[in-house]
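Next come two complexes, and both contain subunit A; in the first it sits with subunit B, in the second with subunit C.
And then the complex of A and B:
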């Protein structure tokens, strides 16, 4: 099960994910990602503090969001990765692409004001 | 398969429809067996998450590809404990899907890929990954073996892959 919340904090969109992001739940997230691109959000923080499980499909969804926002000359930062998702991020060396921070606040602070 | 503090052995076999909706029910069993191994100190902490991650990728492939284009059949799952090992076997009687033929992602590249990570996750978290294609009588079998003393991925690799073809 996946729950998500989109919230504007100033000019930054914070997308908070809770539960499992995997082959079962990624189709639920795709319209939200499409909406972020349609709205041309160029400063996005993905908050994964509530995420308990991710698989390769979930990773693909976040990478897709990252690439599409980058194509708008924007950036996606990731916050709060713990437990199993943290191990997957480490294994796949996703820090190559993502600016990863312990908290949403720290991630937000990295965007130009 | 009650796990005591010494070496445990035993086998559980479950048959479910090969649909993603059934993955977490079987995954919960896989995780529970691993957590007992952790609690009885037959496996290091983190084993459950790692084996479950590998199992999920394997089941995803089976559910999405094994019966593609036809009527969904069964996924037969075996969880076997051997001395020093946990063995998962995922079996189907569809067209199958050999994950060992998938090109691995280039983790050295600055360009991050959106896909291709499933087999890499399986190989990283398991000691052996082998696929045996079936025929009219025998099922396709994906076997995932985890040596319980396996190090954390990235710290030391002691596994290997073996593809068997008949």
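And then the complex of A and C:
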């Protein structure tokens, strides 16, 4: 079960994910990611505070978003990752690729105004 | 049916089905209300005239634009863009249509002089097979009995003839062939099937008495669709001089010949075309036909649903030009009887086709697995004093695990383990690519971190969007007894130390028998997974391997092995199994794999399980480690940085 919320806060798009992001729910997220790219959003914060479980497909979806936004010369920042997803992020050393912050506000502050 | 889709402005996203009249404006009484002060109270309207929709400006302040042209009155065409102040709408004519390999297009017509009102001569409930349910009374005489007998015999004969055909297209052609044989006055037949996903009618077979027809467009009336598909009735229509003259009224009696493109593009029914033979040859001799199933009343027609247990699989449609013997109730009874048999045969053929697809898919998966297996090394290398062991248990689905032993020099061996994210053929192909690439890179680059960095650049720039790879690459120096590890987001290697490095070396080799329980060391050196960031940097670290040490590399199929209760094995259990294992690398691996199998039990395996184990055993295989290691001298303990 995955719920997501996409909202514009100023010029930053905040994508909040709640629940499980895995092989089953990733297809639901895919159109949202496509939409972010179509709309050429270059400042994106992925809020994972409500994410309880992630698997390799889920990481793949976030990596895909990250790579596609970077291809538009934009950036994706990650906020609020905890619990199992945090463990996975640590294992994959995604902290070396993603700018990870405790809260959405802190992540947003890192985008140039 | 036509709809208006709001694409821009305050109502964006709204969808409005268009009826006979639709007023657009700011007033709350409008059918489409646009809350925008620059829109007039009653701005414009869309009126249905026959089969066309016409937009008319209602004297608005800011005008009505269609495709950026100011209009007062304009006949809308599908995909026209209507702009009213800051709001935009798209006009869409929605037709139920489908495409088939035959090249036929089915269009459901519910507009125009005929579409909504086809004169139906007779109808019966197709769920009540009249051949079986209607009783023939003795009072009806011998002829009625003979007729009923003949019909049953025909149904039986047709069912026998088509019952064994499993190829769907051949089956449908056969059914039509039999229909044309049974109904001697009929000159063509069409079978359309209902697409299970979209509900659209897809033409599957068209047959004329003289043979098969070429591609064309089939127009079918909404009334027929309702009667046959929704109400599950078989109907007779057309074949009536009276309606015929009514339908041809106002049109020339000659068929106007048209080019195929014009025919395909034409959306409305021209009366002169309607009243004419349903197959209209086009001007050039190419086999384009337009076939009217709408009330072409010069023809007598029958339609019946292909019904199996209340489900409509499709429609069979038969036409006769022979107005001297139009179809009648008895023919309809027979059509329903044959259609019921044909439907069962069609369902059998469908089930057979699905089975074939499933078989083919299964074969493809087996093939992919076989290819994948060929990219894995055969037997572990034989190096005196060292033991190597590997275990690879693929999951039911195609996974992305891989491992490899890459000989670099007589004393150096590359050991690789990894996992491609995701499953299926894409993961298998990527796995095949990576193992090949590592072999090439490892042969040219001595440093593991450089090998990793180059593999990463190649992966990250290859455009596998959501795919990434975790991998651990170890270069083992069998002479120096050390290994250099570069870990890209993979599970950390575990080392079972024969002796904790902090403790002093035993004074004499025979005292090793009393050494303390083995210590498990987790090599937590790690870099970013491969394929995420093209400019990622990778780190490596060098570790000493002592006599009796065993190194375990594994994929998450081991740690995340799941039992029937949904619980995962976990890292600690693997560490425990490795610590308890006696002997060298082979025994240790066997112990770990047994631990996984015992834990999982009969639960299905979702993920590939891969583990590689190696260790220094000094040249003798042992079933246990109670004997002292005395063969080889040990170099100094400790960690050296590479």
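The working rule: the second predicted complex is superposed on the first by the 113 of 113 C-alpha atoms of A that agree within 3 Å, B and C clash if a C-alpha of one lies under 4 Å from a C-alpha of the other, contacts with A are read in each partner's own complex, and residues count from 1 in each chain.
Just so it is clear, a contact is a pair of C-beta atoms (placed from the backbone, for glycine too) under 8 Å apart; a residue touches a chain by one contact, two chains touch by 3 or more.
Everything numeric in this text was worked out from a predicted model, so none of it was measured.
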- Message: Clash or fit: subunit B against subunit C, after overlaying the two structures on subunit A?
- Response: clash
- Query: Taking the superposition as given, does A:91 touch the first partner, subunit B, the second, subunit C, both, or neither?
  - Reply: both
- Any idea whether subunit B or subunit C touches more of subunit A? B
- Query: If you stack the two complexes on chain A, which partner ends up touching A:59: first (subunit B), second (subunit C), both, or neither?
  - Reply: both
- Name the contact category of A:82: first (subunit B only), second (subunit C only), both, or neither. neither
- Name the contact category of A:23: first (subunit B only), second (subunit C only), both, or neither. both
- For A:68, decide between first (touching subunit B), second (touching subunit C), both and neither. second
- Considering only touches as defined above, state whether A:42 meets subunit B (first), subunit C (second), both or neither. neither
- Stretch of subunit C hitting subunit B after superposition, from 200-208, 524-532, 542-550 or 632-640, is 524-532
- Note on the structure: Overlap of subunit B and subunit C contacts on subunit A, residues 23, 56-57, 59-60, 63-64, 66-67, 91-94, 96-97
- Item | subunit C partner contacts - residues on subunit A that touch it in the complex | 23, 26, 56-57, 59-61, 63-64, 66-68, 91-94, 96-97
- Query: Taking the complex as given, what residues does subunit C use to touch subunit A?
  - Reply: 419, 421-423, 460, 465-468, 470, 488-489, 491, 526-529, 531-533, 536
- Query: In the complex formed with subunit A, which residues of subunit B make contact?
  - Reply: 20-21, 23-24, 46, 49-50, 52-53, 56-57, 60, 63-64, 105, 107, 109-110, 112-118, 120-121, 124-125, 153-154
- Note on the structure: subunit A contacts subunit B in the complex at 20, 22-24, 53, 55-57, 59-60, 63-64, 66-67, 83-84, 87-88, 90-94, 96-97
